[in-house]
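So that you can tell them apart, the chains are marked A, B, C and D in the order they are listed, and the count of residues begins at 1 in each.
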Amino acid sequence: MGFTTEDEIRVQGYRLADELMGTVDFGSMFYLLVTGRLPGHGEAVLFNAVLVALADHGLTPSALAARLTYTGAPEAVQGAVAAGVLGAGSVFLGVFEDTGRMLRASGEEAPHDEAEVRRRAKRIVDEYRAAGKRLPGIGHPIHKSGDPRTARLLELAREHGTVGPHIQLMLAVQQEAAASASVPLPLNAGGMCGAVLCDLGIDTSVLRGVAVVSRAAGVVGHLAEEARAPIGRSLWTLAEDAVEYRPLR
Amino acid sequence: MGFTTEDEIRVQGYRLADELMGTVDFGSMFYLLVTGRLPGHGEAVLFNAVLVALADHGLTPSALAARLTYTGAPEAVQGAVAAGVLGAGSVFLGVFEDTGRMLRASGEEAPHDEAEVRRRAKRIVDEYRAAGKRLPGIGHPIHKSGDPRTARLLELAREHGTVGPHIQLMLAVQQEAAASASVPLPLNAGGMCGAVLCDLGIDTSVLRGVAVVSRAAGVVGHLAEEARAPIGRSLWTLAEDAVEYRPLR
Amino acid sequence: MGFTTEDEIRVQGYRLADELMGTVDFGSMFYLLVTGRLPGHGEAVLFNAVLVALADHGLTPSALAARLTYTGAPEAVQGAVAAGVLGAGSVFLGVFEDTGRMLRASGEEAPHDEAEVRRRAKRIVDEYRAAGKRLPGIGHPIHKSGDPRTARLLELAREHGTVGPHIQLMLAVQQEAAASASVPLPLNAGGMCGAVLCDLGIDTSVLRGVAVVSRAAGVVGHLAEEARAPIGRSLWTLAEDAVEYRPLR
Amino acid sequence: MGFTTEDEIRVQGYRLADELMGTVDFGSMFYLLVTGRLPGHGEAVLFNAVLVALADHGLTPSALAARLTYTGAPEAVQGAVAAGVLGAGSVFLGVFEDTGRMLRASGEEAPHDEAEVRRRAKRIVDEYRAAGKRLPGIGHPIHKSGDPRTARLLELAREHGTVGPHIQLMLAVQQEAAASASVPLPLNAGGMCGAVLCDLGIDTSVLRGVAVVSRAAGVVGHLAEEARAPIGRSLWTLAEDAVEYRPLR
């Protein structure tokens, strides 16, 4: 993606020092690295908003794993960050890829009109229900009346004109699913972020990678806190006290 | 650092959806997560510039490790990102902490005047030379006449008024070291980034962590490229062909 | 799994110092940790043989990723080992779980006679072919006339009386598949190891974990060699020279 | 270390299938991979005993980090294993390298007689005390009257004739240190394992790597238990309840 001579460093064709540093924010640089082009203003706002939305969720398993790793190896911060992102798997972050795959499988070309969007959404919901599969990006255990991040992303996308076919389809899928459900089925942040990233042109194969970088920033925040006020050893004691062992023998 | 209720999500005291998303860029969010406060405008520019500067360096060992990991486990992108950041150790990224420790060890209080800055710099250079230790942040194998990123960061820091005691001391250390050396000893990007981050108030314990997040973005860029145009298997063949094995037995 | 008092350390109920150290080999200890009981003699031979079989495969992507990580962070060997095992994903090591799942899905109870084994094998082959899925554990790009590890494991299992329903079914699946194929379809080492581990009572969820520990030993072997005679930096140069970059811009 | 043809696979010069599988245990294979030669009988007993000794320590930070990672990414067991070994850093596992470096720095040649061993030990203890440094491998927070693993390793080394200059020196260092101390200073398991591995010819650079593979086996044991009876989510709740957050703002 880049190369270096004695006088200059280029990344994706741009002169790093003159054209990128001080000119673009880190989110836009990340977008450049992943897509090969700099984002337009609206794209930069949305991409940054997604990265901001996903960075921290409090003392999640990821944050705990990172802090516990730091307890044993404070001299190798990179290892604690790695441990923190390794939990970014199917359970919590699979939603991005699942959403991306669902939205992108519905047709190569953008739908012509709203009626077609609704037809595609209905077909998706019917297929998932027939197969007994959970619709990705729909439903939330806590934010039952709607995730505040979802609403904000939609607002930003409308404001900046970046509502594309994937967001449209995602919204239609949610409406279709919610219409025939007995429990609240809001569009959750994972689903909305996935749709936004699809409209921004991020490949399905790295949707989760975008979230991982966001989480890495959150993890470093936790490590900074852990360095100031460690909780790793308390967690250890806590776990040993709380878990009553039933040895197998 | 954050918590969640049914209606809102707070991070470092801010309402995530209303106060951060769409308002701050990802670099500023990262700064908030690490330091507990939002950066001022100049601080945001400099922090983002450091993150932009360090994100990619072409096909480094980190990028190669990530791509090779992706070859075996494309379904677990988080593992490839983790492999990519695990090489961010003493050889390539130790310079941040070493620089931070050197600069911060020279005195709690900011120096009163330029003469004191020079005295401190001379003391540091003398101590390192007496101990036969390499000065961190000084010298570069390729950019002998000066790393373009270093010059750009200094320019930005001056423009935005964020030149603090650490940058001042680092510059003085470089001058002192170069004055008595027979080879060019420019201030390299690692040393300059370390000084900038110290002036921005980043704790020494997470200086490397900041660089790791920047690298993670670069690694995801490489993985996006690897997904489109894989080189992992060619690297494998290349390595097997190139390395002649001398079995020990 | 274990606990510690001032006088003793117990693991899975055994006194570590008196009952395990010097009494059981590391492979048997690993078996104890995973299953909760010590293996019988034949089980220990087979479990160790599987671990020996999978430990090294030369300069694989895993070994390369570990060596490249060591190049950047030689002070954090644990990070290089971690990078080495992170490539143990679906492409190279998924075969264990896939095989285990295939064999275990064919029926809770062991088949009564050989005819039933053949019927189950036929059903499996038919199902996979109908679904257009590749049979796990069958076929090999290099060892077309049979993987020497497969033959050796079968020989050992017969010699030690540990041929159980999973090995029987796996052999029958291979015969059934090969009978109607135009290319050689030997039972490969991954498939045989998976079947052996199933007969040894290893849970499907940790089949890959067993292989990962074996690989970790191989990775440490590579790191020992890398410390003596480094190739990491040559790989870097090699990659930069070999890969012609086509920047996206 | 190895290579493959259509008919055979060789590792460190041995034919994998015929000469190693079923013949050597996994511990001996690991020794072969790291040192390039198969261990003698006594060496195999001691190397295995060290691997057995270090494999599990109950719900340590490593085990917890692995389980929490598995909670988020159960489909990528290799990531959970990696997270588990990443905490194997300076705090818990640095003792191996520190011990190895201390013992090996005391002289290239083996000491001629016991008096010289005592002189070297005294010099080491004096140097460490003068520098205010902690002696590695000495002292234990729980096993104050002696770690049962240390005694067992010594017994095995004596029984199998593998007591070499490093064990001798380590014992003398402990005696010298304890003689002039007001608190009990037993030789701990880390120090003893380090000395045993030095006498077995393991390079200092991979001493920690040996321990990491042992830990990896313990981690997979924990993951097997986690798959059967998960505690990851309880740990999450436990941590959120127990840690009272003091946001910085």
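The rule is simple: contacts are C-beta pairs under 8 Å (C-beta built on N, C-alpha and C of every residue); 3 or more make two chains touch, one makes a residue touch a chain.
Bear in mind the structure is a predicted one, so any value in this text is a computation, not a measurement.
Common neighbours of subunit C and subunit D under the contact definition above: A, B.
With chains reduced to the mean position of their C-alpha atoms, the one farthest from subunit B is C. Measuring from the averaged C-alpha position of subunit A to that of subunit B gives a distance of 24 Å.
Between the Cα centres of subunit B and subunit D there is a gap of 33 Å. Subunit B and subunit C have Cα centroids lying 38 Å from one another.
Residues of subunit B found to touch two or more other chains are 1, 3, 35, 58, 73-76, 78-79, 82-83, 86-89, 93, 245. Taken as a contact graph, with one node per protein chain and an edge wherever two chains touch, the assembly is complete, since every chain touches every other chain. Contact residues of subunit A toward subunit B in the complex are 1-9, 11, 15-18, 20-22, 24-30, 32-35, 45, 48-49, 51-53, 55-58, 74, 76-79, 81-83, 85-89, 93, 142-145, 148-149, 151-153, 155-156, 203, 205-206, 208-210, 212-214, 216-218, 220-225, 227-228.
For subunit A in complex with subunit D, the touching residues are 58-62, 64-66, 68-69, 71-76, 79-80, 82-83, 86-93, 229, 231-236, 238-240, 242-243, 245-246. Of all residues in subunit C, only 1, 3, 10, 12-14, 35-37, 73, 75-76, 78-79, 82, 245, 247-249 touch subunit A in the complex they form.
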